[in-house]
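A, B, C and D label the chains in the order they appear, each numbered from 1.
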């Protein structure tokens, strides 16, 4: 029986669920409310609509990166086809708009359900074997989803579909403003959900299975079921992020809904920001998307992709925990 | 970590401010300040072969500015790369209009990229020239939108009607329709079926195939089995190549008199020179062909200037398809601005609705939604192609115009098998 | 004695044409301290993989606490009270030592005082000082202790310790033995797979010796040590190396 | 007529399937034997295709020139593996995902460099036999497919013999089975893996040349092939070299039949469906040893 630590140590050095955890959650919640309030203020005061269009793109990336990270970051299962899920969201919404002029909340709910179902189906088929197979299957999933859309004439097939979605409610002050608020609300909800997963038992179990699947299983973690759940949540989030696109652009086509640039960014952003916590994808998305919005008007986009590729390699090789990891290393801090 | 989060909050605010910043910029406007024309060019991505649009616009700008500008003000182009991505369009055009404060818009290339732009220009009531946006304004019906390309009215169905006119004249009644699963091709195929029905022709085969299909042997055999008289093909460059090669490899049978119609790629030198003699007999669309019925000194002069730039920048060496109509877009803007005597959008639109504009591609008149009142899409048959030299495509007699009748420079050589062996 | 806590009957495991294990019969009684020995490749780890569920045997049954768990996945067995540690420590990297212990508690016996229980176990294995350290940064001995702590924090009915002492110094071995002995005293049955003979001999009340996938001896430590067959295949081989 | 269609669909499918197998062969080595998920392999192939077009423009036959190019690719593969292993091999199994991301980044970089060097346009080769066909009764086989298709059985047989009968080949298979086994026998597993990865890269030069004879190619052509190449390797069973040929042909024939008798629009879904079905129902593949 070893008792090198005394009871005194125990009382003094006790970390963990201290009162500060509750305080942090409060700060976080206030932050969320603050961001939303900032969004309301901006849509009321800024007159130039460009910021809403550009802002939508940037914030959409926050949502997509956060959704991707639930599976890719927490569970360590890389989804190379986030646009398959995003595209399913886009087309679910498009279908509902075309069929019944569905309002946005209905489309969002339906897209979430469709994304979750697709996640479950994909996961059920590929998550029992090693993670590599899942990753490979997701590459092919995009081709499959695009092929299916090409063959559905009702959704415009390859030609795309121009739609007149329901207009924004009057209080929003215009469609661009409304879309920005919707996307902001979605992104904030995603970040909050991601943080909740992270600090809950589920997040702990996900991190455990990421470290060692067999050890997690032997510690009582139902790994297969947990991976399925994470895959469904991530799929639902990615699909939800796509749902408002129809209302934003009034035109959809497979090339956009399944665009490679979006997949690439969804993966690059958490990697650059840091995959271990919710801060990473948010940071990565804001950084990368803002730079790209600025860069798309200044440097050639080939160079843009090249830079993303090189940065990706550099981060994977040198800083696998992203910017958050670097900051933690520099400040000597670590933790969730 | 709490500190990091606080820093993070600051970052959010900073990022917000960064995006908001351009809002405070205001460019000076007034007499002597340049007239700004804004558009996006697909410099990269799937449509990057269309970037010669910029050269056409630049040549026009240089001409105008050399001649003293418009209304005494110089002309300036503001362009961004849209990466051939629809998703980029709303924010880039919002930037052009709200940040750069451009006076006139030119649409991005094609109907796909232009689609998200249409509700925007309608809502903001902007004067816009359409670049190759086939039937782009048919749904929105914006009254200040004008096509630079001579698709003609109701173009979704009619733009390739010439193919069927030629088919009818040559007694074709059994039609096969083949199309790629790509936006332009699907639209063309849809129109084809309607016209075939209208002309009392039977569609005996209809099939679409995925992009990047590189073997057409079973498709060609299935077509052959139906013994059609004409095969209307809506394909994209890679599959246009594969199809033409497939024709040489497995043949199409003796029944076929007319093959092609909407094969994208046969307008560009790279595909023409890589296929060479294999093109003989194929019929495809064009907007300009160096035939005696069509050539004019202004066009020839433009093309020879373009060739020099193209050689420097590695663009399509022929430049028959896009660059002239980018120049036409400029000419339409010039006519509207000078005619109106101001940048008043309603006045500019009125000028184009009411007067005929002389362009390097011939006289243009517009209907209420900005279509050329007269369709001037050519159906050309490739003939006498020998070897893979690019120069021959600048000679008359290689792309014989079959339709429209006003520009016809020869008759169809049929059946296809004979045209190919000659 | 009462009904055995664990009964393995006729378990057989093949990899392709190669039979790694079995058929093997094994019984473990409540509170017992069982040592499993055998040369490299004799099927020890395969056997405990079959017991913990990470491998599903082609033949035979595994009955745990009166329930047939042959087809149950490992997490179900863990939730029933069957814990194991790994020969090569598999810490949950990217998490603190404390969090490593919270994972099984969350899954198997969640409660409001989870952290108190984790701290108590960390103290009992001497890892309290490391509670909020990143698991990846631990020393070899600490990793082994963490491995054990994670297995026993949920108060299992059976603990399977797979070479928990490999690579440790004599003093460290004594530490680990003390932990296991203490555990056994609280009524937990322990299976110890070990190469370090004197430790197994000291700890076990019964020893099973495996050779090429078969049980060749199952008796009290002294009897097994004296068994000529065991001496030949096991100690013989040991000395050859 | 139906029979003729069927015969031609099957023959075309076999030819295309051989080409798929050629594309996937390098992956069968790097992923199947070395367990390195090299999703950049199709981009290596496209690079090989571009290299072939460059020399073709000077008048060389693409397939002939691909043989010396294969040596260059072998060297590049070894250098690349060195870079890869410096980063990863030491970190252990959990980093397969990081490795995937690395290869993803690498393929982006290669694609973009190709675009910047050659433009996004299609490139093709100029060879005499394109446009002609071998006619065997009712079956017509274009040389454009036939000649590149012959590359696959040749490469597969050569590689299979190499792995079966040479010292280095046996060592590669031993590494695939158990790395530790090799270090006991005194061979440096690091060298063997480098060598194997180099071989995988070398196949990309040859199959790239084959691919560009089939049809024009652009820098992004690899993307279409990633799913299919992995489908071939997984359907074959990890590391089964002859299985690669069989799996490629199976996928090719199925695609051709779907195209001829169903709708060509659904052909891209064939490989994916087979991939998913294999993963869900028989993860060991058709010819792989069960693990």
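Following the convention adopted for this analysis, contacts are C-beta pairs under 8 Å (C-beta built on N, C-alpha and C of every residue); 3 or more make two chains touch, one makes a residue touch a chain.
These figures come from a predicted structure and were not determined experimentally.
> Could you pull out the chain whose C-alpha mean position is farthest off from that of chain B?
C
> Can you name the chain whose C-alpha mean lies closest to the mean of all the C-alpha atoms?
So the chain nearest the centre of the shown protein is A.
> Distance between chain C and chain D based on Cα centroids, please, to the nearest Å.
45
> Report the inter-chain centroid distance for chain A and chain D in whole angstrom, where each centroid is the mean of the CA atoms.
That gives a centre separation of 33 Å.
> From the C-alpha centre of chain A to that of chain C, how far is it in Å?
41
> Can you compute the centre-to-centre distance for chain B and chain C, using the mean CA position of each chain? Integer Å is fine.
73
> If I count partner chains per residue in chain B, which residues reach a count of at least 2?
44-46, 181, 208, 210
> Of all residues in chain A, which are in touch with two or more distinct other chains?
147, 150-151, 210-212, 302, 335
> Pull out every residue in chain C that's touching 2 or more other chains.
Only 93 qualify.
> Across the complex, what residues on chain B touch chain A?
Answer in residue numbers: 1-5, 8-9, 11-13, 15-16, 18-20, 22-23, 43-46, 80-81, 83, 85-92, 94-95, 97-99, 112, 115-116, 118-119, 139, 180-187, 208, 210-211.
> Can you tell me which positions in chain D touch chain B when the two form their complex?
Chain D residues touching chain B: 1, 4-5, 8-9, 12, 16, 115, 119-122, 124, 126, 130-133, 140, 142, 144-145, 214-216, 218, 221, 224, 256, 259-260, 263-265, 267-268.
> Where on chain D is chain A touching in the complex?
Residues in contact with chain A: 37, 39, 87, 94-98, 100-102, 104-106, 108-109, 111-113, 115-116, 223-224, 226-228, 230-231, 234, 263, 265-266, 268-269, 271-273, 275-276, 279-280, 283.
> Under the definition above, what is the set of chain C residues touching chain A in their complex?
52-54, 73-76, 78-79, 83-84, 86, 90-96, 98-100, 102-104, 106-108, 110, 115, 119, 123-126, 128-129, 131-132, 134, 150, 154, 175, 178-179, 182
> Can you check the complex and tell me which residues of chain A touch chain D?
Contact set of chain A toward chain D: 76-78, 80, 124-126, 128-133, 135-137, 139-141, 143-144, 146-148, 150-151, 210-212, 260, 264, 267, 271, 302-303, 305-306, 308-310, 312-313, 316-317, 320.
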